[in-house]
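Labels for the chains are A, B, C and D, by order of writing; each one numbers its residues from 1.
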Amino acid sequence: MAATTDQPTAPPRDHNRTREDFYGDIAPLNMTPLWEVMSSLITPEPVSRVKPCLWRYDEVRPWLLRSGDVISAKEAERRVLILENPGMPGESKITNSLYAGLQLILPGEVAPSHRHAQSALRFIVEGEGAYTAVDGERASMSRGDLILTPSWTWHDHGNETEEPTVWLDGLDIPIVQAFETSFVERYPEDSQPVSRPSGDSAARFGHNMRPFGYVAASGASPVFSYPYADYREALEQMRARDEWDVCDGLKMEFINPIDGGPVMPTISCFVQLLPKGFATDPYRSTAASVYSVVDGEGEAVIGEQAYDLHERDVIVVPSWVPVRFSAGDDLVLFSFSDRGIQQKLGLWREQRGHSPGSG
Amino acid sequence: MAATTDQPTAPPRDHNRTREDFYGDIAPLNMTPLWEVMSSLITPEPVSRVKPCLWRYDEVRPWLLRSGDVISAKEAERRVLILENPGMPGESKITNSLYAGLQLILPGEVAPSHRHAQSALRFIVEGEGAYTAVDGERASMSRGDLILTPSWTWHDHGNETEEPTVWLDGLDIPIVQAFETSFVERYPEDSQPVSRPSGDSAARFGHNMRPFGYVAASGASPVFSYPYADYREALEQMRARDEWDVCDGLKMEFINPIDGGPVMPTISCFVQLLPKGFATDPYRSTAASVYSVVDGEGEAVIGEQAYDLHERDVIVVPSWVPVRFSAGDDLVLFSFSDRGIQQKLGLWREQRGHSPGSG
Amino acid sequence: MAATTDQPTAPPRDHNRTREDFYGDIAPLNMTPLWEVMSSLITPEPVSRVKPCLWRYDEVRPWLLRSGDVISAKEAERRVLILENPGMPGESKITNSLYAGLQLILPGEVAPSHRHAQSALRFIVEGEGAYTAVDGERASMSRGDLILTPSWTWHDHGNETEEPTVWLDGLDIPIVQAFETSFVERYPEDSQPVSRPSGDSAARFGHNMRPFGYVAASGASPVFSYPYADYREALEQMRARDEWDVCDGLKMEFINPIDGGPVMPTISCFVQLLPKGFATDPYRSTAASVYSVVDGEGEAVIGEQAYDLHERDVIVVPSWVPVRFSAGDDLVLFSFSDRGIQQKLGLWREQRGHSPGSG
Amino acid sequence: MAATTDQPTAPPRDHNRTREDFYGDIAPLNMTPLWEVMSSLITPEPVSRVKPCLWRYDEVRPWLLRSGDVISAKEAERRVLILENPGMPGESKITNSLYAGLQLILPGEVAPSHRHAQSALRFIVEGEGAYTAVDGERASMSRGDLILTPSWTWHDHGNETEEPTVWLDGLDIPIVQAFETSFVERYPEDSQPVSRPSGDSAARFGHNMRPFGYVAASGASPVFSYPYADYREALEQMRARDEWDVCDGLKMEFINPIDGGPVMPTISCFVQLLPKGFATDPYRSTAASVYSVVDGEGEAVIGEQAYDLHERDVIVVPSWVPVRFSAGDDLVLFSFSDRGIQQKLGLWREQRGHSPGSG
């Protein structure tokens, strides 16, 4: 290691120059002082750019259907209205790390096949019997079902029914942006060939079994369909025990049965039941969450603001902002977040109940 | 689940209205069309906002020393000149997911004790014998050493020598921003009390041993000092075998001996040796990387642009942009990136050698 | 470290003494020469003490029922006829690392509640509707079901039907013996109180979901009932694809959905379907296996010896002895082994098809 | 599933026949009653076949040297006197799951190269500068060093010094026996060629670093030499903190730096320091342990029996039998056991201090 004595000495000091002058001097060298921005970079608590926001399905639906007149699924490739957080206009985000949108596919339409580095979930909001094809297998999409199209899996969507189908898309687009790892490929045809019967993945991986000697190729679940009927029955069976968590009611996480982790490495999915009349204690965590109302109605209080909840509504809760739910009728909520990554990275925190001194 | 027949019907269609009208109609509902932005959100290959950039130490050093006149370590809390990527002015980032800066601490100064959710590495660029205290143990900081201050560990820095000390800071500030999980606490005194002798962590965890029954409290390495002498000797011993990787020469990853993973969950650290006269094949990966020249000199070609490299220089290589190195003299490079997370999330890709058709 | 010069010198050599004399001299010091036994301790290939053996259910059943006259379930604590391998008489083993037996429980009987370090599986051979209670939850036991009673779980069995119930017990008794880690406790009453509704565990863990924030307390599956109907349907769905492994037909492993591993740390469980007329290639592995014929009939050839297989028969295949199966009718086989541990320990090997030179 | 009505009925009951008659009737069917042996198979606490035993080096050494007259290293392949537990004569075991022996290699001798499924450790008791070659790299063997020859690695030993070399062998032979997974191959020459310089593995894996992109091929540590000087210094550095565990003093586990686990999947290795005058509380665990006295002298009380300890002595402590150590002089103990597997399998238990009611 050479000595540093031959380094140029600092420019002569000039007592008339200010800090601002100094900042100007170093700017051309692509340098800027930390001490002017440190308090905004490293905050005592999360300062979220995300605003609480509710999308009322009865308001949104007419415009969603109208998008069917505005553009075809084929031209759009994906006919989606992004649910864009008002705190971050123009950024195509619902939270700072996640994307959400409502996708419409009309009878006879196909959303053409492609694959991308981004991981996606589809939570069906309206319709019965359209399909999503994943790596050669078609899964039927009905109200309340959760469908996965993990990173780099070929997927297309089709609607061979007589009714429009609508689902909530949840993707990790902002995460892939943050790491600058986007890749996408289009399939030569609109629909990929069907190479596996429906139910094949569920048969192989969905019943606490897996093929002998199977080795996972990725961190995503090979089970890409989580039907409404399954989790609804599970919640009702659990209800028989009447143990309700004061913050969550009865809450389950959908898992990857190959490793017991989140369904996809970047997105964790949950469903919970709050019985009629139940009101939760306040809860906050660093994992901002997107909720879709599956069944029932109730209210969410985020920070100080109250929101009525009805079936199919979507609502977003920012990082570290307390939320309370109350159920006017048996309330079933689906939600997704980046909780799984935050835990892997040692960044996740939660606070249950009222914070000290918050009354 | 209630039927949807009672939903309001779509507003009457008006053939004079355009897509832009439609976009205007839905904007108040916090909705925007995916199809107008999809190609920019999901790109065929990573489109990096990061620009290749070199910080020449002989240019930077005078201004760094001048910062010592502009503000005290105590007033600044951390007297750091951020190395800000010219592709993202004002964002305090060197890559899209990582932060870097050069920190100066003068004889007699203390950078006061605090802890934060952000993980940090310190790679010593100049000076012999200043210290970083981590959770009650002090580590000496000398040229070429790697020091860790993992997430939520109390840490302060002090310089009891006669010379200024300078190091390269590497933090995951943008990652913590992306997930909105920032927390910070100040310690009541500037310097935390010394509760463990120097070398204690190395003795317990640094020699392929660990205390009987130890259970890790976090995903970060309990070894927070990786001395220059150790890795330099290791590289020289490896050299005896003369197996040089065409893209990397001899490259090692610093690891957490408790799980064999990256030194910290969000930051991976590496060191490599390129012998005098060695020129690497082009290499690119999705993990943008920050390099510090430890010893020797040479050249880096990033994309089409060539940069001379000298001791203590810092250079950044964007995601998916090919880089080639050549060594004018035995060249030792320290580097860090987010490779470890990208691999955990299934997002990491690399390409070795010339890409097909790139001649 | 003290020098060794003060060690006593070797006794004076006597040329008339033989190696045998030497062996006699050192025996009192609890020493014996390796070179006389090394070839039997470390063999070129596994030399199994296990003999292939078939237990024909129609032969065994009358004596099993007779055991009901000989002793009561309560007096016996567990009324089981051990299936003892003829290669290891008196050792209560079916393979060198596993135990198996056939347990009978008559109408109105209870096998009293206890818990032990040993892990157990129960594969139901005959009967409909008896129960096994595990940690407060009862699981119904019907022909073809797999029930787990993992290490240190309270469990008892009861038969409130009009018919005898018989199941195959599989335990890791020899493994617990090898490590000398046996513990057992009796419950104060014959039957533990029912604290959870039937189906509770399946609801919480059996549908690719788990309770929010659940942390596993052991390496065993929290799903302790794997019903016949589930895996039978899975096999039939898989059959639609007609991809038959030449050695296994269609073979599935039952897994622990919390980590994707074996159902219990010491025992791996499998089920496979061989279609009518199918004959497998020879296969051998180091994991000796116990098979129970669930449905159909066929033949097993173990080494050179052929065995007819009928429903409910049990057959054991030793380590590293080739086995071939052929299906006279659609053949469904349940099996268990120590494959999971062997893989964890890096000891497992397999050979598919004919060995080189074996014609 | 066919009905069982066509099963033969039980043979007519004969009231003059006894249980013993019944046992005789079923014996030919390879069946035996569990209830006669259950209490010996599943014990309330571990009932160890292992007897505490001390091998005094000053007694053993003369006979070990004499073995050099009795047979050559080459003829013996390995010239080892097995330390055979007096509780299991003829079984070549020191505990129920582990093997130990003392190996002698004289000046000029070579123990020829082979590899086997069994994992082995070598703890050097006497001599300076002989070598063990592992997969092409030679490690020097000096008093107090720990050397590994993991499963299926080629290894040979040579002594090019003027003095005999003696080490303690620890192998998992009984475990490999239990699972019936033994394989062995001889190398065509006595000594494998040297393909890597000494220190190569340590350089690549021994300093909290590893080669970039390295993927482990097995569960064993790639660091196969753990020198006395390293751990002795570590213990002295730890000593500076004066935190002594009441049962262990200062105790460290040697680890595999690739995963932080035991050095080999089947064998865990430890070293501990008890300062002069220190007496431990009683401790017992299910992991029977073999100790070698590295430095100092003291006493071990196993159950009720006291044993004097001197340098180079070997002593074995059975499963679940309490042991107390006291140090007459600074006492350094190396030990190995199967603790790591027991923990993987959920079988390991420990009890610190006096058991309830044991006074």
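For the reader, a short list of remarks on this structure follows.
Basically, a contact is a pair of C-beta atoms (placed from the backbone, for glycine too) under 8 Å apart; a residue touches a chain by one contact, two chains touch by 3 or more.
Only a predicted model underlies this, so the values are computations on that prediction, with no experimental measurement involved.
Listed here as common contacts of chain C and chain D: no chain. The copies chain B and chain C differ by a rotation of 180 degrees on their C-alpha atoms, rounded to the nearest 5. More than half of the contact pairs of C-D, counted by residue number, reappear in one of B-D, A-B or A-C; that pair is A-B. In this assembly, A is the chain whose CA centroid lies farthest from the centroid of chain D. Distance between chain centres (mean CA atoms), chain A to chain D: 50 Å. Per-chain Cα centroids separate chain A from chain C by 43 Å. With centres set at the average Cα position, the gap from chain A to chain B is 27 Å. Multi-chain contact residues of chain B, defined as those touching 2 or more other chains: none present.
In this structure, the chains touch in the following pairs: A-B, A-C, B-D, C-D. For chain A in complex with chain C, the residues that touch the partner chain are 196-197, 199-200, 202-204, 206-214, 216, 221, 223, 226, 230-231, 233-235, 237-238, 240-241, 245, 248, 251-260, 270-272.
Across the complex, chain B is touched by residues 1-2, 4, 7-11, 13, 19, 22, 25-26, 29-35, 37-38, 41-50, 53, 55, 57-63, 65-67, 69-71, 75-86, 92, 95-97, 99, 101-102, 116-118, 126, 143-144, 151, 173-185, 218-220, 265-266, 286, 288, 294-295, 311-312, 318-320, 338, 341-342, 344-349 of chain A.
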